[in-house]
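Structures given as structure tokens follow.
Both complexes below contain chain A, partnered by chain B and then by chain C.
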Partner chain A sequence: MAEIKHHAYLFDATRCIDCRACMVACSVENNIPMDKTRIWVAGIGIKGEYPELERGTMVYHCMHCDHPDCMSACPVGAYTKAEDGPVTYNPDVCIGCRYCMNACPFGVPHFDYDKGIIDGAFIDKCTFCPQRIYNGEEPACVQTCPTDALEYGDREELIAKAHARIAAHPDRYIDHVYGEKENGGTSYLIISHIPFSELGLPTLPETPVNEVSEKVMEMTIPFALSWGAVLSGVAAGVHMYNKNKEEKEGEAKPEKKAEVEK
Partner chain B sequence: MTKTISRRDFLKLGAASAGAVALGQMLPPQVAQAARAAGLLNANGDGYIHSMCEMCVWRCGLTAKVVDGRVVKLDGNPEHAHSRGNLCPRGQSGLMNTYDPDRVLTPLVRVGKRGEGKFRQASWDEALDIVASNMQKIKDTYGAEAMVFSSTHNLSQPLFENLLYAFGSPNYGTQRSLCFNAMIVSNLMTYGMEEPGRIYDENLKYILLTGRNLLEAISTSETHDLIMAIDRGAKVVYLDPRYTKTASKATEWLPIKPGMDLAFHLALLNIIISEKLYDKTFVSRNTVGFDELKTEVARYTAEWAAPLTGIPAETITRIAHELADAAPHVLVHNGWRTSNFTNSFHTQRAISILNALLGNWDVTMADAGGEESGTLGAPPQPPYPRVSALRLDGVPWKYPVVPLKIGVFQELRDNIVSGDPYQAHGWFISRQNPIMSIPDRSKTIKAFGKMDFIVTVDIIMNDTAWFSDVVLPEASYLERYDPLLPVGDKVFLRQPVIEPQGEAKSALWIYKQLGERLGLGDYFQYADEEDYLRQQLAPLGVSLEEVKAKGYAEAPETPHEGEPAELSWNTPSGKVELFSDTLSRVGFPGVPVWEEPPQPSENQFYLLTGKVAQATQFGTQNNQLLHKYSDEPRIWMNAQTAAKLGLATDDWVEVSSEVGTIHTKLLATQAIRPDCVYMTPGYGHLSKGLKTAFGVGASDSAIHVTYTDPISGSQALSQTFVTVKKA
Partner chain C sequence: MKLNITLPKFLRIGLFPAILIVLMAIAAVVALIRYTYGIGPISDLSNSYPWGFWISFDLFTGVAIGSGAFVMAAVVYIFELKEFKPLLRPSVLTGFLGYIMVVIALLVDLGHPERIWYMMIHWNHTSVLLEIGICVMSYLTVLAIEFAPVILENYPKLHNIAHLIHKFIMPFVILGVVLSTLHQSSLGSLLLIQPAKLHPLWWTPILPVMFFTSAISVGLSMIIFESSMSSRYFQRGLEIHLLEKLAKALPIALGVYLVLKFGELAVAGELGLLFTSGTMSVLFWAEILIGVIFPIVWFSFKTNRVNPNRLLTGAVVTLLGLILNRFNVSWFAVKHPDPLYYLPTFMSNVKYVPTLPEVAVSIGIFSAGIMAFGLLAKYFPVFEDEHPAAAHAGD
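Here is the complex of A and B:
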């Protein structure tokens, strides 16, 4: 395998047969408890009315976004985006606030109510199998896929491959590589014959969501300071006004003051 | 589907159960020693070991990751033609089979009533003595034929056969008549081989699948081949009353009426012959019986087939034309059992013949070679004793063209119950679950009741073991050696990747021990498993250590010296037999003919069964990893039909046939013909020793009626009709 600058996956919905080998492989490789999973099947199920039917599935796990929302939402820096692709989670730092779960547009991070307090690992998600990819192996889900619906490689090369496949069969695919631009780009790329929204994928702008949110967040202090200044100014103004008013009223009502003094 | 799943981590769970037994006996870690000697494991016991999967009969090559003497991950071996580096979900879950908390890890001897599940632990010596003495007693009292032997096709089968043939019993049950007898007998009659190989090359243009749900009933490399063929733009036409995952990827799905696929294929033969679309050169040079075939199929027009199949005549005609246009780059797939009726032998024959007419030999179909390799050695052994007793399964006296090695298992069961032509008294079962796999479960339990003695060899307390007198714990496929498997120009090795847990032992060891106790030691002339393999490898001049390290040995096939002047087949005529004299001489039609299949009455449904990707037959439902990712087993019914009957998804329903009644949950779906219901087979286990599978789903075999095709001996499951009502 050529050197991989940016690790990525390519999923082709036309090839997926919903056999779930990837799910079992992930469960074994990562020793996932029996009631948990890091890979899900989504899709349209069986659509239509007999005998005019359509069926399609998509498997997905962490999209390993180039601009991860989980990471920007995390108040303690438990998430890291590696330069070569993987988004990883550090359970030692996590405080279990679950902001990442709300932030992720794909609903990937899952909260582990059993393990949290005891083991300190509150969140579970795909790790990109670092124990495999940095040893020259494919991630467990990709390695086992009997139909090559899941492929692994360098992101640029996979994007080129995805476009080439669409170009070779324009009648078969929707002319779009999901994840090439969505949310500023993800490391899990999807091509499909079924509209992406029907597969269950959110329609996302090309500008990463977190770029907007981070810009907002960056403005917090200047905004707080300037809003504080405005408020201080208003407060000062009100104070001055009242003071002036009191002075004027004092001049007009001397008796009252005298009464109080009594 | 988390109801019966332990919340504990499955690896820890496996460790706990294994450890409990391992304490009692400290065996030297032979596997680790051998693997270290072969350079596979380091000093810590960590490393990668190549072996072969046994989660189904496809036998993918695998590479096991071993850490600290425990297998932690399986991957497909890229060197193996059956896996090409991939594994299906069953293959991936394989280590959960080995670390199943319900493993039987010591020999067990029954102490309660049969089926009560009360056993005591026994030593191997005691258990083997009990088994051998009971077998000998039956032989001495009633003759060797009173012992029945049955086992599902597997790599240690030659030694199993040694045990039964040396013992002197003709009664041999395999799983094949429960599955694909019609296909095998059809190919034997047509091509002189059980199953020609299929070639999915880049030129393959057209594939016709008759119920072969290749994307759910996964054969790893062939499933990959099909998806890649679709990817390249090959057309796939798929016949199935259900909209399966294969249907969803096919170019064209035809929800044909069950049992009527024969009419469809006869009409294809008719069009291709009457319009002279066949490969004239191939037919004249390499086939016999074209005229007889032509005369017979003349009456099977597309217009005739249309009302039977529910497929318009124009569609049938178009498909015949498309096949002829794409020939020879076409594949009419035999599948396993087509629609599985008593007429399915003729369907299979029509399919085998269609391929010949389309001239696809050596293009998309070829001689695949067998699993036996002439280049491998074997321990010496004396000839088997002569057996004069009739076989209880009617081969060949009732089923003259069914091979002895294949047999008619359901007939064997029926004649155990009837005691005709004689009464069987003992049953030796290895790696098989006949209580679940033969139709009409209550009848199989009745057959068990006729037995003086039943012994089962398995790794878990399957339902058959549950009803046995002695259970012998076999080492799992990750814990043992098996005889070598030739695949193409290599022979592959199954070797232990971890030490056997508890007191589990390999089949090679168990059969030899029994053989010696029965005075049949000459049929098992090997010191141990490694010695057996060394004797197999001797002619290749390769050391076992080398094979252990690589996982395989090169075994060059006999090279083809240029193009042979004449193609030939192992049939009586040496040609492809469109008309079979063999069939004709024993009173069966020599060419495929129409046989009207029975149809359900108005309030009945066809009961369909079919595989899913997360299970193999009746043996994997207790695997917690597969259980985790399986769909809940519910009986499928067409949504409109269900609505008419006032039934909705998740309603409990009562499903009845003439032999039984089950209660199960309903799935109302668009993905099935209105006149059919479908059940995933293998659920509804009786053994409480299967803690994950027990109580899940209902058993199809409890309601399947036994029908047998008189020619091939194949059971005809889809001929069972059921009524469904709210429970």
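Here is the complex of A and C:
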């Protein structure tokens, strides 16, 4: 396998046969209990009338965004984005606020709702199988996929591959590689024969959803300092004004008394 | 009213405090279950709905109704409108207890409550939630300092400290107002990261400005509400001449908010959504009519401002409307991932209806707040400068 600069997945919805072997492989590889999973299969089921049947399924797990919203949102910095792709979660600092779950437009991080404080309730999500990819192996889900619906490789190469495949079969695919630009780019790329929204994927702009909130956060400290200065100025001004007024009134009173005496 | 059972003297309490204690006990039991078995068994929260009633009610509403403290501190200390001083202490106390209630509720909601202090050492500077956490922690300290003289004045030996605080109060007041501005607005910023989930009637880049503007109105209404309620419960005079002035400011504050609300929609070209979004349009109009337009009209009439009952009614309606806004933004108008075919069990719960235990926790915490307010007001000079004559004149 060629050297990989930016780890990525490519998912081809036309190839997925909904066997869900990826889910099993992931759970076995990462030792995930049976009632939990880091990967799930979403889809539209079977649509249409025989013989015009249509079916679309999608293997859904962490998109490993280039500008992760979970990472932007996490107050304690439990998420890290590796330069070569994977977004990882560190349970040791997580406080369990679940803001990452709200922030993620894909609804990826999930939480241990059935754990008390002794067991510890944590967030769980796809790790990109670092134990495998950094040892020259494919992630477990990719390795197990019987139809090559899931592929793994360098992001640039996979994008080229996806476009080439769409170009070769324009009748079969929608002319779009989901994840190439969505949310500022993701490391999970999807091509499909049915609209992406029907696969459960949100329609997102090319700018990451955290853009506005990060801009607002950048303004916080300058705003706080200038607001503090303004308030101090107002307080000082009001105080001076009131003091002057009192002094004038104080001066005015004896004069009045003097007038009365006259 | 006394309980009819023969109890030792220290256990003889009124019916109202007794109910509060029962509600607190229920909440404590629910919290115990939550800490043992997790959040799932007692709530309807799920991976589709990670935030629910606790966040909308305890965090969003709790912080908003605590805004009376900074509004009053600014009025009395920064603008030196000393006549409002009698309203300052109860407002600061409401804020202080309100924020403690927020923190207690978060200790139930957080997956790792024992790690809440990690916010002090692990900083992710792009996180709005971090800003809120730091501001709330710092502001609680400021409120404690602002309120401390009330306790200290009761003990002659501690008068020196109270005097010292009085002398250097200004920096704390300004810090308090800055921190309040930051976190009141940041509660709005918290939703900025959800442009794909929050309905466009509410999502706007100026959400923080909206939240700050409406927080001022919540603060003013809250002061009217809490003064009216405590004057009834403690049978003390009502500072109606002061409350009348606050009520006069409400239409102005809400007017600014109204212009912002519709101005933003007009600029974004989303005015059409006001009529085409079904339930969302109804919710939007409900919060605008109840929480903004009604009070603007109501408080514009002097008869409604000088009559204690009408004043209280107006404040309650305003609060309900503005609280509906907080619920809309943090819950009702947030769209979570759709149910799809073959979703595993952990994603299956896509409807969220708060459970009874969830609500019980919030009610219990709220009861504790009312209890604490009552006890502090009973044993410490929370209502200072209260001269029977002045109070009478106010009537």
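Quick note on the criterion: the second predicted complex is superposed on the first by the 211 of 262 C-alpha atoms of A that agree within 3 Å, B and C clash if a C-alpha of one lies under 4 Å from a C-alpha of the other, contacts with A are read in each partner's own complex, and residues count from 1 in each chain.
Convention: contacts are C-beta pairs under 8 Å (C-beta built on N, C-alpha and C of every residue); 3 or more make two chains touch, one makes a residue touch a chain.
Given the structure is predicted, the values throughout are model-derived calculations rather than measurements.
When the two complexes are overlaid on their common chain A, residue A:Ala235 makes contact with chain C while staying clear of chain B. Within the superposed three-chain model, A:Gly48 lies in touch with chain B and out of touch with chain C [touch as defined at top].
By the touch criterion defined above, A:Met101 reaches chain C but does not reach chain B. When the two complexes are overlaid on their common chain A, residue A:Cys129 makes contact with neither chain B nor chain C.
Applying the stated contact rule after C-alpha superposition, one finds that A:Asp114 touches each of chain B and chain C. In the superposed model, A:Ala25 makes contact with chain B only, not with chain C. After overlaying the two complexes on the shared chain, residue contacts for A:Ile194 are found with neither chain B nor chain C.
Of the two partners chain B and chain C, it is C that touches the larger number of chain A residues. By the touch criterion stated above, A:Asp35 is placed in contact with chain B and with chain C alike. Touch criterion not met for A:Ile159: it reaches neither chain B nor chain C. Under the contact criterion defined above, the residues of chain A that touch both chain B in one complex and chain C in the other are 18, 20, 23, 35, 37, 114. On the chain A side of its complex with chain C, the touching residues are 18, 20, 23, 35-37, 40-45, 57, 69, 71-77, 93-99, 101-103, 105-107, 110-123, 200, 202-204, 209-210, 212-214, 216-217, 220, 223-224, 227-228, 231-232, 234-235, 238-239, 242.
Within the complex formed with chain B, the residues of chain A that make contact are 14-15, 17-21, 23-25, 27-29, 31, 33-35, 37, 46, 48-51, 53-56, 114, 137, 140, 143-149, 169.
Touching chain A in their complex are the following residues of chain C: 34-41, 45-48, 50-51, 74, 77-80, 109-116, 118-119, 122-131, 133, 170, 173-175, 177-178, 181-182, 186, 189-190, 192-197, 205, 208, 334, 336-338, 340-347.
On the chain B side of its complex with chain A, the touching residues are 2, 5-11, 72-76, 85-89, 91-93, 95-96, 215-216, 218, 220, 223-224, 227-228, 231, 233, 243, 245, 247-249, 253, 255, 613-614, 624-626, 628-629, 638-640, 669-674.
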